[in-house]
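Submitted below is the structure of interest, expressed as structure tokens.
Lettered A, B and C in written order, each chain numbered from 1.
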Amino acid sequence: MMKNDITRRTVLRGITGGAAVSVGLPLLDIFLNDNGTALAQGAPLPVRFGTWFWGCGMNPNRWAPSEEGDDFALPPELEVLANVRGEVSILSGFSTILDGRPNKPHHTGVLATLTGSTPKTGDGVPGPTLDLLISRQIGSATRFRSLEISCTGVPRHSYSRESESVVNASTVSPLEMYNRVFGPEFFDPNDGEFVPDPKAILRQSALSAVSEDAARLEAVLGTHDKQRLDQYFTSLRQLEQQIEVSLSPPNLEACRRPDLPRGEDIGTDLPQALSTHDLMTELLVFALLCDQTRVFNMLFSAGLSGLRNPGDEVSHHELTHDEVVDEVLGYQPQATAFSQASLGAWASFVERLAATPEGDGTLLDNCLVMAHSESSFAKSHDTTRIPFMIAGRAGGRVQTGFHVRGGGDPTSRVGLTMQQIMGLPVSEWGTDSMQTSRSISEFFA
Amino acid sequence: MRRKYLNFVALLAVVTGPISCGGSGGGGAPTSAPSAQRSGYVLSSFRYVFPEHESDPCPGGFTLGAVERRLLGQEPIPDDCLDPEANADPEFKELLGPGTVDGVDLDSFSSFGEQCGENGFSDPEGNSGVDYQLWRSIGCVQGFQEGEISDIVVGGAVANGSMTILLELIGFEGDDDQDLQVQMFASQQSPPLGADGSILPFGTLSVHEDERYHSTVGSAQMRDGVIVAGPMDVRIRLNIQIVEGDISFRDAVVRVEPMPDGTIRGAIFGYQEIAEVYDTFGIQVGQAGAQALSYTCTGLWDSLKKNADGGFDPATGACNSISVAYQFEAIPAFVAR
Amino acid sequence: MFNRFAVLAVGVVAIGCAGDGPGAGSGPLASPIEAGPVAMRRLTETQYRASVADILGDGLSIAGRIEPDNRRSGLLAVGSSYVSVTAAGFEQYESIARSLAEQALAPERRADFVPCEPADGGPVDADCAAMFIRKVGGRLLRRPLTDAEVESRVAIAAEAGATLGDFYAGLELVLTTLLVSPDFLFRIEDVESGSSDAQRLTSRAMATRLSYFLWNSTPDEELQRAAEAGELIDDEGVATQVDRMLESPRIEDSVRAFFGDLYSFEDIEQGLVSKDPTLFPAFTQDLIGDAGEQTLRVIVDHMLTSDGDYRDLFTTRQSFMTRKLGVVYRVPVAATEGWEPFEFPADGERAGILTHLSLLALHSHPGRSSPTLRGKFVREVLLCQDVPPPPGDIDFASFSDASTPNRRTARQRLEAHVANPACAGCHGLMDPIGLALEQLDGIGALRTEENGATIDPTGELDGVSYTDARGLGVVLSRHPALGPCFVRSFFRYATGRDTVEGEEPFLVSLEQRMSGLGYRMRDLMRTIALSDAFRLASGTRDAEVVLETPVPMDTFTPSPTAPPPDGTPRTATATRPRPPATATPQAASFAQIRDEILTPKCATQFCHSSQTMSGGLVLEGAGARDNLVGVAPTNPAAAERGWSRVQASDPDNSFLMVKIIGPNESALGSRMPLGGSALSSEEVALIEGWITAGAGR
């Protein structure tokens, strides 16, 4: 670290003498992150991981296909995916196994899925969530370790958590997201000559002084506080990393600054959620193309889905409990309309990524996106048979478009598989009945 | 005949609770007996009365404004709005024929129209002598028609604070044949608006600081569910876009019809000085307005003079006021003095 | 680490003997047998803003999104001792810091902070920079800076000043570092080193704790002086400062912060309360903002200005109004702008803060009111009673429209909760309370009917009846749990943590004292601030067990040019302990099982206590064993199988075992404890062992 500092400062004087120095390749090496994963021309395109979450599940008997394999017939609730069925794999029948632990409705199912372990208390978070495990592996080369987005307006709606009280809050406003990612600190390769901001380098120097101070603090803290200070350190390093990345221009062909989002309308109405989702998807696509992040979490609606039609008294979640199952149809029409609208948004998300060219293929080809919910049949808080839809080919590492049945296996199998696909050297994951060492081999055929 | 409006009375009980006491800036004492019920309202719409006609009221077509003339390839008429008498607009169209107006014969309420001519309309029951001479002047001008620019702008003005009008019924308990009073006020405040843009009931609005905008009190009794009060002098303040001015009603008659849901609808009829009418549409709105609404200042001024039916001035031998008619709706509000 | 220590010899230990008569509450408080832990606490958003305003001046704008606070055990104040700073949060803090630094060091302001001028007007001046750093740094970090800290920052200022050619640009950078320093963002509370007995907070830590408790902001200069002079170690020194601070109008900030936290008003401030515009056109963000302010004003007026009793907040008709609020309350408001005092009529529907728009709108859905949410609020926040979460395995097939043919009012819609035994236990705690408030709709406006049916607001709260919302307020104000809950919540707020068992005697005596004193705010603030429980600590908290997939280092070879991946946490312990294997059954006495497990976890207020007797089973007291051993279960499916609740020496035929492990047939009912955490494997083993050994006494 010291060596880097000196070198940084030396370069600093050179650059900030006032002249616009074009940053050549050898100099670039110094500003690479500690991982050494370069983005020079010709380097492989990065693989991104994301989660896409919707609340209050689906109707298992209308969602899960009856046949396994590639040629399964699309059941009624998956018809929205007709256009992209070749890009999406369906995983049905994977369950959260409670082991007698409390099932906090609309919550335990998703936290168990994302941490591999069923929490011992209703609000507990047994470990860092899946996206954080993956971002530790791949997120340190980018400006943002990960991006959390919520489409229904509430920042604390986020399932990206280090622990019960350390939550990565979601961005809820497209304009704010734009400013954060594509604001003054973003360099559009189409803008012309790149000039690193001298203040940025100074900020990095300053942050290392903060690091040093904080290191002295460690000595006096208890173990819990040390844990928390650790997380503070990690976040500080992430900002240093972010500044470092901003010192070199994004180096991906397909990158350009998107248009300013217009007509932002934030709230829990279904039309608001859909329009916010559209705007956010657009921004996310460019954030990925410009390698601003490689991990994202898109929350379409929270576990307690508050989606609502304007003018209606009741929301999605209330309907799942209050609405009667229609005798003729065999399901709850209004509640199902909301879960279908959610899946429609998922379909449009997949379509957007699939329609975005990158390299020789599409952006989706270089992504792995796990769509999931916190329950299957929300009316009875059912955390068995949790729905999963995995989109993307992870840069060619996996195949897609099939259906696999979990047969009651724990959802941690899905999380384990995601980690392995993203290159984490893990052979098992989870605890107690959620512990597993079997990934889903159909991905790797 | 007694008629009760139960819902309305129930609402009254809410609306006419004691005006809040204590606190700085408290209001003054009400002008009538302390025990009298006071129900307050804020106008949620305020528009011209639009007559009905059996046949085309403007057989010669509508007045041509400068824009229309240009489009028709005609020569523009010289039209100096600040000096309307300097020119003439022989083609200014007036509405001189018959029509049905849900209005009143002002002459049965006051003598202000004596020694002035009139060309009355009929009311829906077929009675003649309904005074609404202003419509004679503007009835064949496109911009004043129902749904056109003037209607839209003025219609929006009551909601956005440009022309807040308050009305109070004093001593009204919902029964026919009981003495009550009506008073109207301008307000300098904007009514509270809801998330859907509508005016919210039960807001508190203060009467205008300037007492000229507190009308005189009109007495009446409700008959068959309709209150007709007057003559009273009413002055309304408007601050609509570029226009700042008054609408002053001399010897006005205010008609109020309480509705079962607690709102009221009504109308106000009276005499407005033609100079005041012209100040708005000729001086302030001027050429821009004339073009937008399709009239000429010259023609309008001349027509106002010809149709003036009140306020005979012996010195000039001319009448200086013209009968006007506006319809309104109003919702419950607290009137603070 | 908890250091158990003997009872402190501070004053006479008088454990809860004070009665309710005169003189009650004037005796000394019981001391804690064991103090609670300390943990570093992140400044809440309000505290951040207040601290910045106090140190850098009022007029600075904070552009950015401060990381959301976390609610834990019902309070953001408790969550503050668990949160850290996430990457996005740090990014925002740094961005806000840069902006604040720029504003503070702008030419028109800098004289307030920079006590010198750079020599020769040049861009570098180590001495002047050092003066600035010590002055502002000392206030921001709430302590004098060490020489090392000053030096490193002087170096930064020099580097930046030279690079950018501007002395003040260098100071800006330094100020930024101070504003993101963990010593600023977190309140570190040290204990005096040395004795293993009662660990006292250091003088400096007391200053911070007192300041954020009583004024919700950073210590002022007088308090900092007292801190550095070591005055806050002894009772007199603390009392002097406490009394000084209690005299100041700034205690209003603390009262507002506490109630705002307790009542979740941050949702109002952040614009997160939304209602459907067609159903509630009168609802705007301005309205709900006024509504929140109305409640806080009433609280401040009642509890500070009038030095009133907390319980009367739920019956008081004194309030304040703005014209915006007048629209929804349907009352005239004379003041054209701002606030005026207002008194609800004696014969009206509203009295007490439960009938304020703020709480009613907060605890409703966007499209309609919610008796359940409102009832839950009363139980959990006002009465400190846990409502168990819904069971995870409800069989909703048993509900149908036929059981609730008439669903026009909320009471009718909630019939299903009452009819089904799996739901009635908990919903019976909440729904009746909320139903009393149903005449106040989803934004708190008055209505007498819903969908054409008259609303019935009658009900009862723990055996005491009421006929409407006002009546509910009266009953609530007399509820024995109301005052104690307030006292405990405020104590948890002050210390930023949950209470510990060893504090019970202290808390009980505190509750009794406050009961005698009439639950007045200043009394409570002073009593807590001067108490042992507030200034002692048992040490720091242990690390949370966080499960991580161990990365087998021998199978992962990092690329030779790069060090290991970023982000590996720096915690000392590299491996996490595996959960212990199932313990071998130990023989235990029934008394032990009853006292350690059954009474605390099952015989709770609304379940198997002797008052409620859920399912006809009491699991506390002397007769508990006789209610179990050899007794047939009331559950028909279990009885059919010939099980007893406990079959001596035969765990397999003991229904108790089935219930605590979790039945796998719906006919056998839900796992016990209902809704809460299941018994641990050790506890299950203990009970099994007891049954196997003969289920003796």
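Definition applied: a residue touches a chain if its C-beta (ideal position, glycine included) is under 8 Å from a C-beta of that chain, and two chains touch if they have at least 3 such contacts.
Everything numeric in this text was worked out from a predicted model, so none of it was measured.
Chemist: For which chain is the distance between its Cα centroid and the global protein Cα centroid smallest?
Modeler: Central chain: C.
Chemist: Return the chain pair with more inter-chain C-beta contacts, choosing between A-C and B-C.
Modeler: A-C
Chemist: Could you grab the centroid distance between chain B and chain C? Build each centroid from C-alpha atoms only and quote it in angstrom.
Modeler: Distance between chain centres, rounded to whole Å: 59 Å.
Chemist: Which integer distance in Å separates the CA centroid of chain A from that of chain C?
Modeler: Here the centre of chain C sits 30 Å away from the centre of chain A.
Chemist: By the touch rule stated above, which residues of chain C touch at least two different other chains?
Modeler: Residues 277-278.
Chemist: For chain A, which residues are shared contacts with two or more other chains?
Modeler: Within chain A, no residue touches at least two other chains.
Chemist: Considering the complex alone, what residue numbers of chain B touch chain C?
Modeler: Interface residues on chain B, with respect to chain C: 14-15, 17, 19-20, 22-27, 189, 192, 194-196, 198, 200-204, 206, 334, 336.
Chemist: How about chain C: which of its residues touch chain A in the complex?
Modeler: Per the touch definition, chain C meets chain A at residues 1, 37, 39-40, 65, 67-68, 70, 72, 79, 82-91, 94, 98, 148-149, 152-153, 155-156, 159-160, 163-164, 173-174, 176-177, 180-183, 185, 188, 190, 270, 272, 274, 276-279, 365-368, 389-396, 400-401, 413, 539-549, 551-552, 555-556, 559, 561-563, 565-572, 579, 661-662, 671, 675-678.
Chemist: Applying the document's contact rule, which stretches of chain A touch chain C when the two form their complex?
Modeler: For chain A paired with chain C, touching residues are 9, 12-13, 16, 33-36, 98, 100-105, 108, 115-117, 120-122, 126-128, 133, 135-137, 139-140, 144-146, 148, 153-156, 162-169, 171, 176, 180, 198-199, 202-203, 205-207, 209-210, 212-214, 216-217, 220-239, 241-242, 267-269, 306, 308, 310-315, 318, 321-322, 324, 379-381, 383, 419, 424-426, 428-429, 431-432.
Chemist: Report the residues of chain C in contact with chain B in the complex, numbered from low to high.
Modeler: Residues of chain C touching chain B: 277-278, 280-284, 321, 323-324, 326-328, 330-336, 340-343, 345.
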